Amino acid sequence: MSTFAPVDPGFEERVRESFSRLTLMRTIGARLVKVAPGEVDIDMPVRDDLTQQHGYVAAGIVTAIVDTACGYAAMSLMPAGANVLTVEYKVNFMSPARGERLLAHGRVIKPGRALTVCAGEVYALGDAAPKAVAAMLGTMVAVRDTAEAPEARA
Amino acid sequence: MSTFAPVDPGFEERVRESFSRLTLMRTIGARLVKVAPGEVDIDMPVRDDLTQQHGYVAAGIVTAIVDTACGYAAMSLMPAGANVLTVEYKVNFMSPARGERLLAHGRVIKPGRALTVCAGEVYALGDAAPKAVAAMLGTMVAVRDTAEAPEARA
Amino acid sequence: MSTFAPVDPGFEERVRESFSRLTLMRTIGARLVKVAPGEVDIDMPVRDDLTQQHGYVAAGIVTAIVDTACGYAAMSLMPAGANVLTVEYKVNFMSPARGERLLAHGRVIKPGRALTVCAGEVYALGDAAPKAVAAMLGTMVAVRDTAEAPEARA
Amino acid sequence: MSTFAPVDPGFEERVRESFSRLTLMRTIGARLVKVAPGEVDIDMPVRDDLTQQHGYVAAGIVTAIVDTACGYAAMSLMPAGANVLTVEYKVNFMSPARGERLLAHGRVIKPGRALTVCAGEVYALGDAAPKAVAAMLGTMVAVRDTAEAPEARA
């Protein structure tokens, strides 16, 4: 369904290698389940230590997985040697993040040399039909992937 | 500096009690450091297990603390028996979230019976002068605080 | 393609009647071209008096038509007697708004009794293939449609 | 109150010259009333032809003036020869845009070589005390100001 052609044929390996260095994703038990050109899915189990006051997964964690899915969707279309940072995002919360697992889907809606616009959704999965939990619209920026930390995001 | 008068004189206790049930805040080591009418500060130590690929605190965690600060800033102006949910937020990331600690400041810019508009910032603290890491603008909604989980956010 | 069932069978008439009172839409030459349950399209000619410094239609006007399309998409699913106000929106600009016409598409992604979440896009139409100009994600609120002006939006 | 030092001492003239080419601002009667380093104010009379269904100034027009104020606030800190485009913005609407005039205030919260983060507010002015109508948080990008139209925003 993707209509984007990757510039770097090694995009999947590059995305998977970068994801493996995202300590937070390991901490929360999130896994990369799909890496296609301009599209990435991330899955995580619902866990009690990540909840807010009603017992649902907290907004920040829901945001973390859809931000990561969108960031890697953007990175999948970038040339080798490029890394990605989040410039900004906006997220709407639509239903409680509960059930057995959450699935975040991120996709590129406008690639660019510097800036990439992405959209994403998070779904709650369990016994019932998948339910949309959150929707995101955000902006990613390509940065050169160096050993040194980028001094600034912009 | 706050210009808001709380409707419920027990607002601070109510906020602190609700915060104590936010499991995610405990998981990431975040603490409530200020609860004033329409203004809440949250502090957290920078920790390796919450980072992204460059070793900075991940965007979702930065978002979690400023969302929580904004949510409780909104709740501080609500009547007793009201709880708060995040309708949506938008966050801009401005500098790497590194240093020793992060401080999130949330404040109400427009209270309302149902909807409250909030703004917030996250600062990185350490040896150097505090540096703005992120800025947020978002919308909170008052919900009745019942034992049952709210079926829908809206 | 819409999966929403309208509560009010007279939704289209209600939307068209409300649109006819939007003076700004008349001022900029915008027309309602589609009203379906949860989906509305608005078309406007590109006009020199609505441009920014590069000669493209200004961001505020691009926003006005997609906000209106989203607002009426939300209203199409509300009961008779309900009107709609924009709580907030976020818009990404992706390409210059030029060509012969702009087409704004608004759709509901999560209806609700009080709050409705909408997404929208604006396309530039002309000799070339339609090009995505902007993407929106926003929140609408239902208000009772009275003769008096609502004192507050929330 | 501004803490920013302009790189280009001719920033005000540059901003005023660019503003004079914004046809939409002329169409809606908006005027630049303040140009300081990192801060710009725009004033416009409330006019019947710019309203929505309740007789208030439409959200898109409110957005247009605060977007323009923020864009020029960003441009005021850019070097000579740089122009500015809006990457994205998020706006919350807080009170009806009515009264005699609207005043939009835009300010830089994080300048950058490529990307600048801005915040802004719109106030309704008239007989009563100024009332906050809208709040914005957005991202601007510097582009080289050439005679040719930029093919892409990013």
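In order of appearance the chains are A, B, C and D, and numbering begins at 1 in each one.
In this section, a residue touches a chain if its C-beta (ideal position, glycine included) is under 8 Å from a C-beta of that chain, and two chains touch if they have at least 3 such contacts.
What you see is a predicted model; the values in this text were computed from it and never measured.
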By label, the chains that touch chain C as well as chain D are A, B
Please work out which of A-B and A-D is bridged by more C-beta pairs in contact, and write that pair. A-B
How many Å are there between the centre of chain A and the centre of chain D, using C-alpha atoms for each centre? 32
Centre distance in Å when chain A and chain C are each reduced to the mean of their C-alpha atoms: 28
So what's the Cα centroid distance for chain A and chain B, whole Å? 22
Would you please write down the residue numbers of chain D that are in contact with two or more other chains? 87-88, 90, 92, 94-95, 110, 117, 139, 152-154
In their complex, what parts of chain D are in touch with chain B? 90, 92, 94-95, 109-110, 117, 119, 132, 135-137, 139
Mind listing the chain C positions that touch chain B in their complex? 87-88, 90, 110, 112-117, 139, 141, 152-154
Tell me, which parts of chain C touch chain D in their complex? 18, 21-24, 26-27, 48-56, 58-61, 63-65, 67-68, 83, 85-96, 98, 149-154
